[in-house]
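I'd like to ask some things about the structure below.
Should a chain be cited, it is by its letter among A, B, C and D, assigned in written order, with residues numbered from 1 in that chain.
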Amino acid sequence: MGRGALSGMFLIDAPLTARREVARGMFVISMHAPEIATAVRAGQFVNLGWSGGPLLRRPFSVYRVEGEHIEIVLKAVGAGTAELLTMQRGERLSCVGPLGHGYDFASRARSAVLISGGLGVAPMPLAARDARAAGLRVVWVHGARRAEELCHEADGDEVIWATDDGSLGTRGTAVSVAPDAEVVLACGPNRMLGAVAERWPDAQVAVETYMGCGTGVCLGCAVPLRRGGYDRACKEGPVYRAADVDWTALPSHLSYAVTV
Amino acid sequence: MSVAVGTMQMRGPVLAASGTFGYGTEVPLLERRALGGMVSKGIFLRPREGTTPPRIAETPSGMLNAIGLQGPGADALVRDYAPQWAGWDFPVLVNINGESASEYGELTARLDGVPGIAGFEINISCPNVEQGGLYFGNDPRAAAAVTEAVRRRTKLPLWVKLTPMVSDIGVIARAVESAGADALCAINTFVGMSIDLNAFKPRLSFRTGGLSGPAIRPLAVHLAHQAARAVRIPVLGIGGITRAEDALEFLVAGCTAVQVGTATFVNPNAIADVHDGIAAFLEGRGFKSLADLPRYLPRD
Amino acid sequence: MSVAVGTMQMRGPVLAASGTFGYGTEVPLLERRALGGMVSKGIFLRPREGTTPPRIAETPSGMLNAIGLQGPGADALVRDYAPQWAGWDFPVLVNINGESASEYGELTARLDGVPGIAGFEINISCPNVEQGGLYFGNDPRAAAAVTEAVRRRTKLPLWVKLTPMVSDIGVIARAVESAGADALCAINTFVGMSIDLNAFKPRLSFRTGGLSGPAIRPLAVHLAHQAARAVRIPVLGIGGITRAEDALEFLVAGCTAVQVGTATFVNPNAIADVHDGIAAFLEGRGFKSLADLPRYLPRD
Amino acid sequence: MGRGALSGMFLIDAPLTARREVARGMFVISMHAPEIATAVRAGQFVNLGWSGGPLLRRPFSVYRVEGEHIEIVLKAVGAGTAELLTMQRGERLSCVGPLGHGYDFASRARSAVLISGGLGVAPMPLAARDARAAGLRVVWVHGARRAEELCHEADGDEVIWATDDGSLGTRGTAVSVAPDAEVVLACGPNRMLGAVAERWPDAQVAVETYMGCGTGVCLGCAVPLRRGGYDRACKEGPVYRAADVDWTALPSHLSYAVTV
């Protein structure tokens, strides 16, 4: 079942164990990856490869943990994700993780708001889990274009829905309808996170970049910083203090949140 | 499986290629017993920010990168990394870069003799950085000038990494051999471009990038073979190695050792897998050591 | 979707590349309505046997070939194929080859004016035939000399197909433009090698072969783009096109038309599929014609 | 169900419909390809591609025809054949064929011997069918290393088995134990066919080469001829008069018959 490793990074040959649809075209798949299930923190990701797949691995936030299983949520946005969604139970995914620096809950705050657009829901269930564990009261704000694109899994937290067309919840974006809180966490398309940065400079946001290695060696995942220079999304990120990122220089054409 | 590249003795023929293994401190997954050596990320004398993202794009069996040689500069390298390398049980070479022959020389002088640095690999071929025109590696005289500038500053093993986008790699190979190189590394990435059909412009903000990965392997085997035929010094083969069989193609084609790059991104343990696969191949065919491996290296 | 390459008017921008469509008579599967034109298999003045097998080897997302320009020679071409071409509703260009500039000229004289032959594509870049050294395509003067020799013998459209293994394709592109080329084709195959680990020698009996297929596409897009930036005459993009999106990369990068090669081996209807896909793309984005397609072609 | 074509060559998107093991590691798979099933003659082949497969198609002789289905026989000798053998019923193969020039039965002979080594069995059931239809009496000689590597499907013809170790039938090669006949057809590793050529210069043998296109345009499948020059295995071949081939120049390292 894989090769262990130092400093909490594992290379695991993980069988796919389950799949469910959580919004129109949005699926959650589960893998048996015990070491990662134990080690992963909210906002961290895994890098997936599979035989016959594309050359480079594909990064996915860990969505939930169920015992020895980890879950990711995805849509078919390109060849790789489309292939992942045709895989059958029992087929194996090569899984590197947990990777990156996730959300921090070290502060002595008492309320947290989790803001997600579209597939930006991905890190939120784990963020809610870790926030609750840190003693925070959690409100989750989730937006999408239409009702049927909202991910309806909420694990019992207070949820505010937002849709562009008002077909469910408040009409508007997740950012525009979110209440204030001491801790603000967000994930979604980079341009949405830019809006978060304007309203809450101290928000912790999970950005998305192309990735070569996912392990910090290639410098392909450069995140431009306000203070100049670049950080690695896969190592120092993917979670950043919103005001630290140079949003004008961060490409916003990535497809993660094509549907927000 | 131990192997000598010139005077440098290594415990195995598989090294980590520059820019694909960082400073050797990042990835904890590799079974390091298998690592013959490592070439660190390309460094300039002064810190460099690197290029604006997007920096990478996937292509059929390959990837383009335009990192722009982002790096902390020589002082930080000496301060932060060399002391760690000094304690490791495999040699670390530094991939050195410059905008003029004298800058290469200056950088070498700064790094020569620093504990932890076992040798130098001169990158005369990085296609990612605008140098106001041709690359050193395209012109035998410029390539030789850089090699000499470095050679004057160090007695450590000196490898020169060749650029593939030339009509006759043998000419460059012989020029840098004469200028004092101890070994050649063939090859660096090929210049490529990929277009974003939504934006109607290149996917990479730098426009072009270096193509690496399995796609280039047949080209790399050919160029490494041509280089090996042209010179007497050892050649390290690089380009698209993901499995032992790929490395063996380079070794049979006349290379003394190999470097693995992009494959490490996909399989963090690629180097150990390649190393072990070579050992298994040798054993399976009844070869006692790498020296027994038949080579295809006609000299004309 | 009609397009003009110089004075040659074509009903579509997708052509069959030389050596991958024979003489146009072999494969009955293609929906020919989609074929903008065809370049016939490379021909020499005299018949050629070609190389000993094995002649091809598969590589990651690509293939190596060393056919050795097997062909029946000019007389048989004129006798057996040109008459058929004369009745077709798309232009056929002949890919011409020689061992000296004068042989190119002689071949052109033999073919010029033959009904069915709409123009010439000069292959200055075939890497498969031993010519006792450098290829014409690697040297701007030799490339220009060949172009002039052909130009003197014909008023028909004259395209020059560039070799990719050069440091600066712009230099060659400008040289053959000045020598009278009406268009450039970029690019031919890259030289590669693959080793047979049972026999410990190259897989191809010719040792090296030309690499084609998706693997080379990012390199080809870059070189076609560089060529297009260097000259005023049209450029046809070639290299690894299998889908409409691939062809569109070349078109956006500054090409006027494209040629499809290896993909036809895999999908005998590839050209029609690429053609139809381009039409669908244009329609989907609301572009009325190819001329509306945004181009990325900064001139420096 | 595919695109028709002139001159009896078809491009068909054919679903895989069945699979059975016919010798150790040797499998027959069926595809629904009606036009090819109707048109194919003994010794012709199909060129198969599939999504996620290698770049180039893979050539396979047509083994049998069952109504609208064609069958091929194969072993996993490399990545492509291994993938083919993991494919499930219903998955689709892109099938170009029938290709090449097969066995001829135009003569007024009355007896035929069919000689096959290992996977060289591939064209024989169809050869037996067409030979019988031409009024010939058929003897089939089939050899392999060991009993369990013999393909046991014989469609009622007289069969002579040969094994290298004598574990079934006569000890020896198929060539050495075959009787004479007016028409001799053979298929197997190229070096076996060279032996056939020495004994029966007029034998019709199906050779194997690497193939680029399978349709006659690439000249990759060159077969060296005794009279000089090359023919295309995919067009003039794969069946040749044994004495016409220059056996010394035809590579014999191909794996088709690795196990003969």
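FYI, a contact is a pair of C-beta atoms (placed from the backbone, for glycine too) under 8 Å apart; a residue touches a chain by one contact, two chains touch by 3 or more.
Note that the structure is a prediction, hence the values are computed from the model and not measured.
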item	value
Chain D and chain C - chains in contact with each	none
Steps needed, at fewest, to go from chain A to chain C via touching chains	2
Distance-maximising chain from chain B - centres being C-alpha averages	D
Interchain centroid distance [CA atoms averaged], chain B/chain D, Å	46
Inter-chain centre distance, chain A versus chain B - centres from mean C-alpha coordinates, in Å	35
Euclidean distance of C-alpha centroids - chain A vs chain D, Å	53
Where chain B and chain C are represented by their mean Cα positions, the distance between them in whole Å	33
Contacts with two or more other chains, residues of chain B listed in rising order	61-62, 213-214
Chain B-facing residues of chain A, complex	3, 5-7, 9-11, 49, 54-57, 94, 96, 209-224, 228-230, 235, 249-251, 253
Residue ranges of chain C touching chain D (in the complex, touch as defined)	19-22, 26-29, 41, 49-58, 61-63, 65, 67, 70, 196, 198-199, 205, 213-214, 262, 264-269
Chain C residues touching chain B - in the complex, by the definition given at the top	59-62, 64, 134-135, 138-139, 165-168, 190-195, 197, 200-202, 208-209, 211, 213-219, 221-222, 225, 240, 245, 248-249, 252-253, 281, 293-296
